[in-house]
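What follows is a set of notes on a single structure, which appears directly below.
To keep things simple, chains are lettered A, B, C, D and E as they appear, and every chain counts its residues starting from 1.
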Amino acid sequence: MAKSIDVSDLNIYYGDFLAVEGVNMTITARSVTALIGPSGCGKSTFLRTLNRMHEVIPGARVEGKVLVDGQSLYDSAVDPVEVRRMVGMVFQRPNPFPTMSIYENVLAGLRLNNKKLSKSDADAVVEKALRGANLWNEVKDRLTKPGMGLSGGQQQRLCIARAIAVEPQILLMDEPCSALDPISTSAIEDLIHELKEQYTIVIVTHNMQQAARVSEDTAFFNLAGAGKPGRLVEMNPTKKIFSVPDEEATEAYISGRFG
Amino acid sequence: MTDLAPAPTERAARSIKNPRLPQYAPLIALVVAVAASALLGLTLGWGVIPIGIVAAIFYLIGLTTWSRIIENARAATDRLVTSLVWVSLTIALIPLVSLLWKVIDEGKGALNGKFLTYSMRNVIGEPGGIYHAIMGTLLITLAAAVISVPIGLLAAVYLVEYGAHSQLARWIRFLVDVMTGIPSIVAGLFAYALFSLIVGPGTQFGIGGGVALSILMIPIVVRSSEEMLKLVPADLREASYALGVPKWKTILKVVIPTAMAGIITGVTLAIARVIGETAPLLIICGATDSVNLNLFHGQMASLPVFIYGSYTQPGSNPEILKQMAWGAALILILIVMALNILARVLGKLFSPKTGH
Amino acid sequence: GAGNESDGSGSSLKGTIAGAGSSAQDSAMKAWRAGYQTDNSGVTVNYNPSGSGAGVEQFVDGAIDFAASDSALDAEKGEIDAAKSRCGGENALEVPSYVSPIAVVYSLDGVDKLNLSASTIAKIFDGKITKWNDAAIAIDNPGVDLPGSTITPVHRSDESGTTKNFTDYLSKAADGAWKYPSDKVWPLKSGEAANGTSGVIAAIKSGSIGYADESQVGDLTVASIKVGDAYVAPSAEGAAKALEVSPTDDTRAEGDLAIKVDRTTTEAGAYPLFLASYVIACPTYDKAKADIVKGFLSYVVSTDGQAAAASNAGSAPLPAALQTKAASIINTIAAK
Amino acid sequence: MSTVTTGTGSPKRRLGDLVFANLTRAAGLTILIALAGVGIFLTVEGIPAFGAGPDDLKGHSNLLTYVAPLVFGTLLAAVIALLIAVPLALGVALSISHYAPRRIAAGVGYLVDLLAAVPSVVYGLWGIAVLGPKLVPVYKWLASHFDWIPFFAGPASNTGRTIFTASIVLALMVLPIVTAITREIFAQTPRLNEEAALALGATRWEMIRLAVLPYGRSGIVSAAMLGLGRALGETMAVAMVLSASGVVTWNLISATNPSTIAANIALTFADATGTARNALIASGLVLFLITFVVNFSARAIVSRYEPGSK
Amino acid sequence: MAKSIDVSDLNIYYGDFLAVEGVNMTITARSVTALIGPSGCGKSTFLRTLNRMHEVIPGARVEGKVLVDGQSLYDSAVDPVEVRRMVGMVFQRPNPFPTMSIYENVLAGLRLNNKKLSKSDADAVVEKALRGANLWNEVKDRLTKPGMGLSGGQQQRLCIARAIAVEPQILLMDEPCSALDPISTSAIEDLIHELKEQYTIVIVTHNMQQAARVSEDTAFFNLAGAGKPGRLVEMNPTKKIFSVPDEEATEAYISGRFG
């Protein structure tokens, strides 16, 4: 069910401010693509155009094309709500719904979309999603407890479970581990490994080692200068990026000489 | 670097050890000031208030001068301001204590079984009850809440979620702020003028009071709800959108439930704020001494109006009615305080559990 | 419902009527309503002491069933005609229901008896006499040791029948010392203003003088006013006597028992500083209300009713002749 | 799995969103309409008063001479209240934000909020029964020693129910709101600026003068103006406490006092009929306009200085 | 006029929480001492005990001794106000007084003591302080403009000028460059170099290179473990710390293996 993504000539604006310019990129289905680059270069901005979350911000808009298996996301006939069901997202800070139990959190995507689920179906969905997020064993005895009661890493996995419960085809992750301790981080990284069997995953990370560990392809974004828009400098298989990148800027960034 | 400032040696010689007053200096000054003032006052036959005022003046002057002599001018100023701050706090709290004490002292005598269960119908020459006024107050306030809460909450949702940066929202936000300052009597006149034109001249009934109070209540509800909605992290909205949930459902199922504790607290405080209003009800609800539970017909009693009426027009049994007025004031204050406490409790009760 | 509002019924009458107007009659109304409602527990009589003017207006608007007013309907203001059209073209009924002496109250250390003539009272309230030991006061009070302290006159800040009758008395009895017309609103800006009778009572502190319904003066000392050559202290009997010598207004229609109060009577024992207040009703009502209005107002002017008012409101019972006339007028009330 | 396109047309906005968004906008508009309604209905019902004569205006020849003394009294009482309340409020706010230990500060804050929770009619009771009588000797003393100051010309009231007493009660009633706003602003003073001052060797007061007060200046002004708005419109306490004759005088301690618009309405509304009611409503409109202007300016000041707005 | 500082057995508390434990340290006069260590180890806390700014925080207190040229700072007869005049401080984020002009900002400290400063004296002090902070040339034409109108780096130098205008003997700096761009940073570093001729300077920094560039001595603070108080691990000449530190933990930290 995973899908590939084709981005062509994408310009991303916040009002009049051009934040990211001229991105062309192809993201392979059932693989992990990492987005790296210095702060402010537009990684998050770009990521959010892939499920039309960008336009949630007032005044924000895009020019250009994003195709998911050939279907254009920004077609006027396309309902952004439907897009977001197809393209799930996990955020930097874990954000379970504080008023809901663990069980309800997992079901939130389905329930809020008016799916009438029988109790046994719902149980099945919850178990499947939590297992998928490697969280089942830790929480199966306290499903009715508030989701906020979990540790940070558990909360993040709960958010992943919540995202995959609606069975998206693509999963976007914006620095999913940056608020987590090393143990939780490695739990999430393991999870990403498993998830890519089924999902197309795009992950933003500041941690070069993480990019190297989890991704097949890496895209390096950079700013051409202060006040200039961010742009895609280079996209290549991760191995190549971390050994012999095409661009000098990539090399400089990866070796830690700036950023 | 040119050397233009005083010679370094001079500065280096400055000691960090200044003579300082003992730590308990303010206490000593206070005791001495109070004692001196009391002594003076008792010999000259002053009352408590002049003694208090003079004691405060002695304290301010005494401590400042002492510090001026032992410490230095800057320290003296600092002590003067510190003392002024504490004195002003004391001055502000004395009336509160006096008021509460007076209400309790005068009001407790009125409290008995009949007081809360009887009305004033057919009661002459003996203490009656304020059941009719309590019911009136509760009904009118309930009506005000029923009008204000949906309008206020929805308007807050508009301000935070939909209008956000629009010109309209800016105006609404601004005018809501301005509206918090509408005099209550004007709200009463508005309701009176409104229903005079709609229903007929001179109409007085409970729902009119509800409308008048809601003019006072809506801005409070909007402001507090807006603050609470703004506190809901954008994260949560995005999480919900990212699950493919439409905006309106996100607001109803995620944003509002998350803010619920704060909203309820705000509404409760708004109720506490308007439940003691007198002036508008005097104009639009009138008064009666019987129980009237029909908001849409006939004059309706309320606690504040009962207090006002009983105290200012006690008729032929002034002692009885004045005592009842104090009793009703005590009940009213208790209700308001209970609402304030309730607001806190509800806030705790509805706030999202973290489950420890 | 409240513990004292039972639903059991003593008589077959059932229904609600509403009245409004004179706040002076409020205490009496309480007594009347209580008495009548006790006998007829299915009946509710509401009364709103919103003020005479408001009562008449609401009556004319048809918002209430009867009004109570401290002054008779005023032909010049068109009240009589308005009331007539309110009552479906028939003249409204108007009978005195409440008579109460107005006391001149004062507080002055060491002086527990004070005699004042109308013109002295007028000068005090007009600010012409400002000290207690003024010659004009001394003349009325030989042998009394008057202090030289300042007099603070206290008056009503709200509109009031008491003020209207007090100023009426001054304008008629004070030999020109009071040049303001009789009015519900106190005509001067000086002195201490107090809201309501109780406000006036509360404001009478050492050195003050004021006027208030006699029934509510409590422990305060009251002045005697000069009637003829004697000084008369306020009392219900004195007021009743003064009322008796006052003629009814014969320009009025039948059923309108307006009285032209004689403020300058010299009748021994009469106390002409009093307030006479009326109830105003229509001759016909809907079937549902006619019996209740008739029953209630009959009770008001009955001996029982007047006695109840006297004990609860300290009013003077209507003189027998007036009472009979009033009762017969009320008795004409009928269903449409 | 669902497809991305959902039919033809432009489902940019879903029905639910459309309905809900408009519902909330309607609620917002209702508020604007209500506010306009207050002005409109008061105007409509107030207009007949322009034709009112002395009968309806307590002897005044026209509406202007009727309302003017009331406006005077309203402003006088409110301004005196403010002169008392603002310095006190600043003291209380500072004690909460910068002087009291945190535990005490919370308690004090709660007590001050309690002042706001007391219904105005209870203030009225207290003013008549406690404050007024307590102030009589003070007034007597002022009148006998300072009668050369017009404010204290006397003769002193016997009951203490003067405009000054009313102003003190008003001051108590506006104290909480002025305190609440200023303490909020003081507490928001950037810690960095406070520490900058302390690190330069400032005493606590100098730190407040250097960092806290300048930062809160506009907030103090607008808090005072909001307090002014409250004081202008406060009704019952004044109506109960004040012995109001409706004169224009600067004498603050005598028995003969100016009245305020709000108190005048409350006291005479029940008795008033016909055009006299219209006149009261017209005076209410004047009060509405005054408080509107005051609150409007106060809010304008606040929003001008609010971080993030231009 | 610079002075040396001796710290012995210093325990620093926030209420009941022991934040820093048992510090013994000698800071040489007229030199730059850098404090480094991972976040939360108590560098700022320790720094603020050197001018009694610590006790500004409710409930905060210290045990132990801090001697400046033999005078104990925490003696009961000592006036903290005087201590702070003698020991100036510069903060992480520039904090000029927003309502004051550049000129008034520089004079703020002096005005406290010396209300009647003649105009010419004041001018002289302002010029000297601004020259001392390397800011004079940039602002001499707009001294009456608000201090907030300057760039971040200029603001920070303005704060330094404000601090040295009262002629302290010691200057404490808590990450003075962390909010600044590289160019401003290097301006400040140059300034520190000049200032140490006259002042004893203690600087907290997260930037190892900066510590290496500006300081003579370096003190490494660390946490013994989560929830445990911070402590001084090692203090040595900067050269030695960055080449052959005594402690293994120092080595690990400097080489970037943790933190």
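The rule is simple: contacts are C-beta pairs under 8 Å (C-beta built on N, C-alpha and C of every residue); 3 or more make two chains touch, one makes a residue touch a chain.
All values reported here derive from a predicted model rather than from experimental measurement.
Undergrad: Would you mind checking the shortest number of contact hops between chain A and chain E?
TA: Minimum number of steps from chain A to chain E: 2.
Undergrad: Please give the intersection of the contact partners of chain C with those of chain D.
TA: Per touch definition, common to chain C and chain D: B.
Undergrad: Report the most central chain, judged by the distance from each chain's C-alpha mean to the global C-alpha mean.
TA: If we average C-alpha coordinates per chain, B lands closest to the whole-structure average.
Undergrad: If I rank B-D and D-E by number of C-beta contact pairs, which comes first?
TA: B-D
Undergrad: Determine, using the mean of C-alpha atoms as each chain's centre, which chain is farthest from chain A.
TA: C
Undergrad: From the C-alpha centre of chain B to that of chain C, how far is it in Å?
TA: A distance of 42 Å separates the two centres.
Undergrad: Just how far, in Å, is the C-alpha centre of chain E from the one of chain B?
TA: The mean C-alpha positions of chain B and chain E differ by 45 Å.
Undergrad: So the centre of each chain is just the mean of its C-alpha atoms; given that, what is the distance between chain A and chain B in Å?
TA: From the centre of chain A to the centre of chain B is 48 Å.
Undergrad: Using mean CA coordinates as chain centres, what's the gap between chain C and chain E in Å?
TA: Averaging C-alpha atoms per chain gives centres 85 Å apart.
Undergrad: Which residue numbers or ranges of chain D touch two or more of the other chains?
TA: 14, 128, 203, 206, 239-240, 270
Undergrad: If I count partner chains per residue in chain C, which residues reach a count of at least 2?
TA: Each of 50, 54, 57, 195 in chain C touches at least two other chains.
Undergrad: Of all residues in chain A, which are in touch with two or more distinct other chains?
TA: As it turns out, chain A has residues touching two or more other chains at 81-83, 85-86.
Undergrad: Touching residues of chain E toward chain D in the complex: what are they?
TA: Listed in rising order, the residues of chain E that touch chain D are 51, 53, 56, 58, 81-85, 88-89, 91, 93, 95-100, 108-109, 112-113, 159, 162-163, 166.
Undergrad: Could you list, by residue number, the parts of chain B that touch chain A in their complex?
TA: 164-165, 233, 235-246, 249-250, 253-254, 257-258, 260, 352-356
Undergrad: Where on chain B does chain C make contact in their complex?
TA: 114, 117-119, 121-125, 128-129, 131-132, 200-202, 286-291, 298-299, 311-316, 318
Undergrad: Show me the residue ranges of chain E that touch chain B in the complex, using the header's touch definition.
TA: 1, 68, 71, 73, 75, 77-79, 81-83, 85-86, 112-113, 124-125, 127-128, 131-132, 167, 169
Undergrad: Could you list, by residue number, the parts of chain D that touch chain C in their complex?
TA: Checking each residue of chain D against chain C gives 58-59, 128, 136, 155, 157-159, 161, 239-240, 243-247, 255-257, 259, 267-268, 270-274, 276.
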